[in-house]
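As written, the chains take the letters A, B and C, and residue 1 is the first residue of each chain.
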Amino acid sequence: MVLHRYTLFDTTESTMSIIRFNAVNKWFKDLHVLKDVNLSVAEGEVVVICGPSGSGKSTLIRTVNQLETIGSGEIWVNGQNVIDPKTDINTVRADVGFVFQHFNLYPHLTVLDNITLAPIQVRKQPRVEAEALAETLLAKVGLANKRDVFPSQLSGGQQQRVAIARGLAMQPKVMLFDEPTSALDPEMIGEVLKVMKDLAHTGITMMCVTHEMGFAREVADRVVFLDQGEVVEMATPAEFFSAPKSERAKQFLQQVLSPMH
Amino acid sequence: MRKILILSAALATAYMGSVQAEELTGTLQKVNESGIITIGHRESSIPFSYLDDKQKPVGYAMDLCNQVVAAVKKKLNKPSLVVKLVPVTSQTRTALMVNGTVDLECGSTTNSKERQKQVAFSDSYFVTSVRMLVRADSGIKSLDDLNGKPVVTTTGTTSDRYIKQNEQGHSIDVKNVYAKDHAESFLMVETGRAAAFVMDDVLLASLIANNKNPKDFAIVGPALSVEPYGIMMRKDDPQLKRLADETLSTLYKSGEVNKIYDKWFMKPIPPKNITINLPMSEKLKEAIKNPNDVGI
Amino acid sequence: MGHYQWNWAIVFEQVAGTKEYYYQWLITGLGWTVATALCAWVLALVLGSLVGTLRTVPNKWLASLATCYVELFRNIPLIVQLFLWFYVLPEVLPKSAGFWMKQDMPMPEFITAAIGLGLFTSARVAEQVRTGIMALSSGQKNAGLALGFTLPQAYRYVILPMAFRIVIPPMTSEFMNVFKNSAVALAIGVTELTFQMRQITGEYAPGNPIEVMTIVSVIYLILAFSVNRLMALIERRTQVPGYISGGGK
């Protein structure tokens, strides 16, 4: 599981990029939500995507594993063109973990079954193996004692940690997060962020939509600022937070970094 | 009609003294007090009691019943007695009679010992024989020919009993199947789902008469059972019963009944002007000669 | 006014002119009612789940096909459907097939009734299943797909287990309805409970219809109550601890 950590930032031409958007456009009817997006994520890289509400962050991250289709352009994941109808999207998805804002655990299954379902059904892993891995992961997210309870018996923070463990159980090459902490009560945000930080340090590739600027500062290799469907800025956290180039980014930062947040 | 009315009126006047003297009881008393007599009729029991094209109940039994009603009017000296018509079905007729909703049931109800536990009957005005309807080209002539074949019975009737009873005597094996009304039972034979439809001959005759190819069907075999029809009344109501029996007897003696019979069984009848074409059976002739209310 | 002569023992009387007793007829009737209703219910559950699921799939063609199925079987009165299967179908089929249906098909009334009632009920079950699926957030499905499940797998492991739990209460009434609706089977000659009631209260024992009708009504009530209890048991057994479903009682 331990991957080599790349520190290369300019990856637009890199063959090592694990995710690549080429001139991606997306419309919801007349609404142009992704405008000519070009973006590469290198293996092991942690990329934080931020931007105002409605700027297209969720849409963007959901196109990676085709939970959302696109209008034009190309998206490559793990060397496979996910837009190509010949690509088996399920194998692509199996290698890409996704953590949702609202956890989306399966309410009728115990924590353990939530985690082992996909490894057993999709990866055809033997149950014993899947359960052993699940227990390891549960221990990692600090929920070893919750394996037999149902999601509805957990707090939001606990549910989100289970959701992360569920994604990791497929041993993915990439983890995608869509505002994993924004549905949580403030006192639970920390525990989830901690798990995510630990994860970032394992060297897994992460693409993460979040407003947690502290998290971005601490673990992101790059910050992508999206506004009205356009990639407006792409920079290291240091650059982005200290010297945003665009007026829009400045405004945005002023809002999220104000004492209110 | 007018003649009878005048005659009856004369008779009524003549008997006035004795009528007034007699204390009214039962239904007549109730009718006298309310000024209403209620007739239960069927909606599609052709040609006994059914609705014509104007939704008016007509038929052989209705004609006879109307004579009884006329007699009631005379007896009560109430020419303007209100006659209420209430439709009944084979399922509801007994209950509606017993609970007082209808006073006379004029349909095609078998006078059975079983029913006599709850209600009473006038002298029989019709006798039906249970026989079987088959396709003319089927070659079926008797019960023995039914071995191994499906025979249809209409739900709520007892035809299957005659089959079961006769099965034993004839050592044949018949498959009883059921349809929800006579039209469907007939359809079962017409489409070949059943080999025979066992039912009262009059019903079979009218079903054939109504088909577009009456020649395709035949009524065959012996009478599996004979059933008398009577006007149904409440039990223990001797005054009304006597009045009804006397009215029928008068019609029987005068031969008027033959005209009424011909009108409904031998001539085109509404609503479709079809002729049932069922000559009066020996059994009915006998019942007219010797009026009786013996049930089966 | 004459009084109705109550006679509850009527059902223990022998049928005049036969070796049978009325209660035996009622038991036979009950047997056919249960057999017809249960066979129809199994068919309805299988087909209804399939069609209800298909109505929610992304494939427009399949979804509208499923919609047509539902509209067809739900909107034609049951009795008309039974008539079509029983009387009309054999006449429009090729001669030999129609002949087979009329003459050689085993238990034609029962099989026609079970299938006809099953198809009718399946349309209603399909609607319930669809409603259950729609009641789930799309997040459930997406969470499945995101882990690499195929769409059928997502339905099998994620969507349907929850959807079925949600629709247990409305399914209970459909299950109860199937027993009630099985009475329509008498129209094509299935000798089920209501048939036997009509048979007894018709020409056979016209004297005491109210008793027989009452007894039959009580049998139907007991059937409905049993179904209700069975479904309540299933609901309890499948209940997810701590999960508050919308359709509580």
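In the analysis below, contacts are C-beta pairs under 8 Å (C-beta built on N, C-alpha and C of every residue); 3 or more make two chains touch, one makes a residue touch a chain.
Since this is a predicted model, take the numbers as computed values, not measurements.
Taken pairwise by the contact criterion, the protein chains link up end to end in a single open path, with no chain closing the loop.
When each chain is reduced to the mean of its CA atoms, the one lying nearest the mean of all protein CA atoms is C. Look at where the CA atoms of chain A average out and do the same for chain B: the two points lie 85 Å apart.
As a whole-number value, the distance joining the C-alpha centres of chain A and chain C reads 48 Å.
Our note on geometry: chain B versus chain C, Cα centroid distance of 39 Å, whole angstroms. Not a single residue position of chain A touches two or more of the other chains.
Per the touch definition, chain C reaches chain A in the complex via residues 137, 139-140, 142-150, 153, 157-158, 161-162, 165, 240-244.
Remark: chain B residues 90-91, 94-95, 98-100, 110, 112, 114-115, 117-118, 152, 155-158, 161, 164-165, 177-180, 184, 187, 191-193, 234-236 touch chain C in the complex. The part of chain A that touches chain C in the complex is made up of residues 65, 67, 90-91, 93-98, 100, 102, 104-108, 117-118, 121-122, 149-150, 152-153, 163, 166-167, 170. Listing the residues of chain C that touch chain B in their complex gives 1-5, 15-18, 87, 90-91, 99, 102-103, 108-109, 186-189, 191, 195, 198-199, 201-210.
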